[in-house]
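See the structures that follow.
Next come two complexes built around chain A: one with chain B, the other with chain C.
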Partner chain A sequence: MSTTTTRGVARPAPAKASPARPRRGLRGNPTFNFWLFTGPFLIGLVIFVFVPIGWSIWLSFFEARFTVTPSHFIGFDNYKQMLTNSDFTGSLLTFTVFAAFIVPTTWALSLGLALLVHRLRFMRAFFRSVFFIPTACSYVAAALIWKMSIFNGVRFGLANTIIGWFGVENIAWVSNPSPPWYWLVILTVRLWLQSGFYMILFIAALQNIPAELYEAASIDGAKPGWQTFRFITLPQLRATSTAVILLLLIAAYQAFDEFFNIIGNKATWGQTPLMVLYKTAIGSGQDYGAGSAGAVILTVLICLVTLLQGKIMGFGRGEETK
Partner chain B sequence: MGNTGLYVCVSIAAVLFLIPFYLIVRNALSTDQEITGENWKFFPSHVQWGNVSELFNDPLVDFSRSLWNSFVVAVLMTAGILLVCSLAGYGLARIPYKHANKVFYAVLATLMVPTSVTFVPSFVLVSSLGWIDTYRGLIIPGLFSGFTCFLFRQYFLGFPKELEEAARVDGLGYWGAYWRIVVPNSLNFFAAMATITFISGWNAFLWPLVIGQDPSSWTVQVALSSYMTNQTVNYHLIFMATAFSILPLVFVFLFLQRWLVQGIAQTGIKG
Partner chain C sequence: MSAMSSNWDRRSIFKAAAGLAAAGALTACGGNNGRGGGSGSGKNLNQYFHAYGEPGVEQAVKKYASAYKDANVGTQWITSNDYETKLFAALLTSNAPDVFEFHPQIQMVKSGQVADLSDIINPVKDDFNPADIASHTYEGKIYGVRMIDDPQFFFYRKSMLEKANVEVPTTLEELIEAAAKLTTSKVKGLFLGNDLHAIEAPLIWSAGAEPLNAKNEIAYHTDEVAAGLGQLRKLFTSGHLLLDAPADYWDPSAITQGLCAIQFCGMWAMPAMQKALGDDLGIFPFPKVGSKGKLSVYNGGWSMFVNAKGKNVEAAKEYVKWLWIDQKKYQEDFATSYGFHIPPRKSIAASADKLKSGLPAEGAKLFTDYGHFDNISWTQAMWSALDSVISDSVRKGGSPEAALDKADKTINRELKKLFG
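Let's look at the complex of A and B:
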């Protein structure tokens, strides 16, 4: 099902091409051309991605403080150290809670916005831009606005001003881990920044749903609204939803910028795994061995979760409508 | 949902989404007293345009330098990524090399390892190359984006074969067909990718943070972040800085978003 309706326009069957002139020499040689085209990219990929990954894995088995060419092999000690490090395990928990909240809410919000914008006849481009434009804002800038202006713990922050109108006391949104109001801050930042982008993906998908499906459904007696949404729209969006959720998960793993700038690296709560790694490897301890071990652990976790998600939702293959 | 109901909903959402921008403008153009005052001022009584020159003459942070750094990095990175990743994407999509699939899976594998997780060893590699505090160190490691290569490959897979076949009949090889036929007919997609790359290059934080250690190498994001760790908090300065850090992107965005929307739709992620 996913293969039949993607591009929309049927291509005319190609006319029988006159036989190409015999390819001699390098110009038509597939092997030469392949490496010509992919060469620069692959060389860079090897140097700046594969080598660091390999080096990192190698480093993780050594005692490597303040040095990147260590000589003291310590086996899995770094791994043990990281797995028993409460900062690191705490950060894995933080990240899991974070992903559990941010992924479904962003998915729901971007889908909701897409449904709204898709139905607009008038000023559609304007509203689409409004929701999309936060993508142009950096996480640092947004973190700044959120921390200093909206959720500033003092009375002149926007949130405190508004609740002040209802007679509620000031809340220290980001400086106090209990009660954990900072989650509201962190989640809304990312929601604002990301929803527009995923809304665009959903709008494109919605535009591809053939109108006949809805016509057929209403002939069959389906009521417009929730029924058509649940039985027509949602299944048609399955492939896009899978892609969106995958992208959201991957993005959630890399959460650093807003946590670093809103909560800060010095706090003991609300740290993401990446922040702990940053502190371990580049902070005062410069423990590259332990930092690398942590990175490997994190990578394995990511692979497991994405494979799991792929198994549960299918790797982007559409579902047959009943 | 009735039509009015629809527009009411979407307008409320729009207002909520625009609040942060309103806050930036309001705070950037106010005095600190107006921002921290007792009663909420919806807009400053006198627009403080002087805050602009105050920002650029601040002795603590060389803001114009950081804007320039961001600009150089974003532009060079966009050019570099477009060149390198599009060539690779085309090679993977269109050249019938027998091991092409294996290479593609190797590239895909790097997507599993998010770039930020490799930052520890990448940092080590880059610093042993002596690239700390240099443009090279900021730009080059980021050029080899498996994701961008993947998007280009998906796009080229959908490129009409007839055009390339016509080029072949005219005697062009792969290289010639690519530059003379494929690229000129793909400008929309390139524009979309350029926008995405420029934005992420401009907004990058972690990598410039670890590479740009001397304040003269700071990009605008690092400079912004430094405002929050300063001892004294100058609200109007912070927000003026934020405004300037976003302004170039908003321009780029508003002009190019049509292609961006088209380009995202064309990668076929939708299905």
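Let's look at the complex of A and C:
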């Protein structure tokens, strides 16, 4: 109740003033509505995205060990350290290998699923849901299931049981990096988790292709199947494909959860850029300066690749190509 | 309330709502900080514990905390695999724990993260194992109270060794040979953990080396250690090592479920193993590596530290003194009622009957005879460099010398930053 009193003292006027104001005053004001609806998100964006990015750039020029409020300016030393750090440069290679495989595979698999589901005449909603549900699963949970029950190294692990039927010896899927079976574990979990989501994007795009195009094509003598797909469907999906590949590439750059949980931080292989940064800054290194410098380098790389891809594949030019 | 409503125009309602939403979003981040609700008297303290695997420990820790009357002590039970990451990150924030358990590491002293606890320990200093005092001392000040010592060694199934006609190994060669003889289609001979990091320090000691010498220079990089890594590589590829087990080395499951005949583990898991296997259980220290080798046991453990940058340093010290110095009943309960740990206090070790006979007594003897304690100068980043040595040489099959050279580079950089 004390708050009421102070309010009353501080602002005696509103009680009288409000009836005089036109009723539509606030609700009709587009500027107010804009801030009302975007404000909370904007505040979140500023606090959780822009401030950390700015802070990170600032930190990258300081010697910041065991602190995020450093005072010792060291210029580009952190950048030099990260660029000569074989773990970090190696992680960029790891990522490249990973992306080169996962991006086309996920693209092809989700497109394939979309085509299959799109052609279904019955139970379409059921299959759409079935393929989409893994998207709702957490990466961490899925990674642990993959590591601990499907691909564990003991004789009763699912994968080892299956290869056991064919008389193959048990395999240590994750611990032993040669041969690199861990890629199988990593790639299958990501395919399982991601394909459903991109399938939905493709289904939406497939539904947007006008039926007349197919009619016209068949009148012109295009055979259904590969020819129609190659010359009608695929070009029509160009805008969506570009977006999907871009999203997949960014997702691959950001890979962390399943690598961290399956391979872990103690290995020296299969470390993604984010894992190296995590270890440098937040993990045992506690070197926030070097970690931030690596984050800035990575951000610049992602921007460059995105721009380059836009240039090559024409992202955002979907309308013109139609 | 009706009188109040006249003061609320629409704009102030929106403002209040937006304010609440923003405040809600902000507090949500810090909501799970383990602090108590604010009932009771005095200050609020927050403590961090890693998740002990034995049932009942979490309840015990919370029970001790609630018995403390001078402050409300909330407990954060950190279940993730990398407790240190969560701890280090939290220590930089305003939600940092006031007291936390960890290992003595100098970077926390140098960066002013842990408070000097000499004044509460000095009066009872003589009752502590001298090695535990030494490992927490830097420049004459003591920075943590040891709660428990955890010797780590091998556990083996007596029946399986007997059946395979294998003697208890005393050298690394014998251990590798034993693993081969003990491996059957159902059981692997040996389990060293999924990434083998648990044995990196014992390997160094057993090869007659030390991580660092007295002048804080690298001392682990010897020919014997490199040769030991080479031997481990052979073991790793032999097919006699249990790998990718569902639970790691610190959990007794591998040996109790019959997945392996010999497992590297800690004394904490002894009660669970005894319960599952009865008398069919023996222990031995890490075997000798090379001609200069010695048997060794890693005496790990956990200590209580006070966050020097916390809001209630004095209250936190009072709490640590109350629980980990004054309350001997709780200390004994913590060391012997769940997993087995060696109490660092001589008086408690003397009264802990559970550790005086049978296998626990053998464990205590290994602790005394072959034990090596933490070195305060050995930091988490150096542990991490050793992890990479094991990964590069043993698991990946690279040259041990190259792997050690790489670690030298990292560790020398650390040492230079710490000691100049």
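Heads up, the rule we're going with is that the second predicted complex is superposed on the first by the 274 of 322 C-alpha atoms of A that agree within 3 Å, B and C clash if a C-alpha of one lies under 4 Å from a C-alpha of the other, contacts with A are read in each partner's own complex, and residues count from 1 in each chain.
To be clear about the criterion, a residue touches a chain if its C-beta (ideal position, glycine included) is under 8 Å from a C-beta of that chain, and two chains touch if they have at least 3 such contacts.
Keep in mind it's a predicted model, so treat the numbers as computed, not measured.
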Touched partner set for A:T268, first chain B, second chain C, both or neither: second
Dominant contact partner of chain A by residue count, chain C or chain B: B
Touching partner for A:I282 - first (chain B), second (chain C), both, neither: both
Touching partner for A:G44 - first (chain B), second (chain C), both, neither: both
Partner chain in contact with A:P104 - chain B first, chain C second, else both or neither: neither
First (chain B), second (chain C), both or neither touched by A:A172: second
Which superposed partner A:S149 touches (first chain B, second chain C, both, neither): both
A:W192 touches, of chain B and chain C: first, second, both or neither? first
First (chain B), second (chain C), both or neither touched by A:L36: both
First, second, both or neither for A:P52, with chain B first and chain C second: first
Residues of chain A that lie at the interface with chain B and also at the interface with chain C: 7, 11, 14, 17-18, 36, 40, 44, 68, 147-149, 154, 278, 282
Residue ranges of chain C touching chain A (in the complex, touch as defined): 3-4, 6-7, 9-12, 14, 18, 21-22, 25-26, 81-82, 84-85, 88-89, 92, 107-108, 111, 113, 186, 194-195, 197, 236-237, 239, 242-246, 259, 379-381, 383-384, 387-388, 390-392, 395-397, 417
Chain A residues within the chain C interface of the complex: 4, 7-8, 11, 14-15, 17-18, 26, 36, 39-40, 43-44, 47, 65-68, 147-149, 151-155, 157, 169, 172-178, 264-269, 278-279, 282-286
Residues on chain A engaged by chain B in the complex (per definition of touch): 2, 5-7, 11, 14, 17-18, 20-21, 23, 27-28, 30-31, 33-34, 36-38, 40-42, 44-45, 48-53, 55-56, 59, 68, 113, 116-117, 119-120, 127-142, 144-150, 154, 156, 158, 161, 192, 196, 200-201, 204-205, 208, 239-240, 243, 250, 253-254, 256-257, 260-261, 274, 277-278, 281-282, 288, 291-292, 295, 298-299, 302-303, 306, 316, 318
Chain B residues touching chain A - in the complex, by the definition given at the top: 1, 6-7, 9-10, 13-14, 17-21, 23-24, 27, 35-37, 40, 84-85, 87-88, 90-92, 95-98, 100, 103, 107, 110-125, 128, 140-141, 143-144, 146, 149, 158, 160-162, 165, 168-169, 171, 173-176, 178, 199, 202-203, 205-206, 210, 221, 224-225, 227-228, 233, 235, 238-239, 242, 245-246, 249-250, 252-254, 257, 260-261, 264-265, 268-271
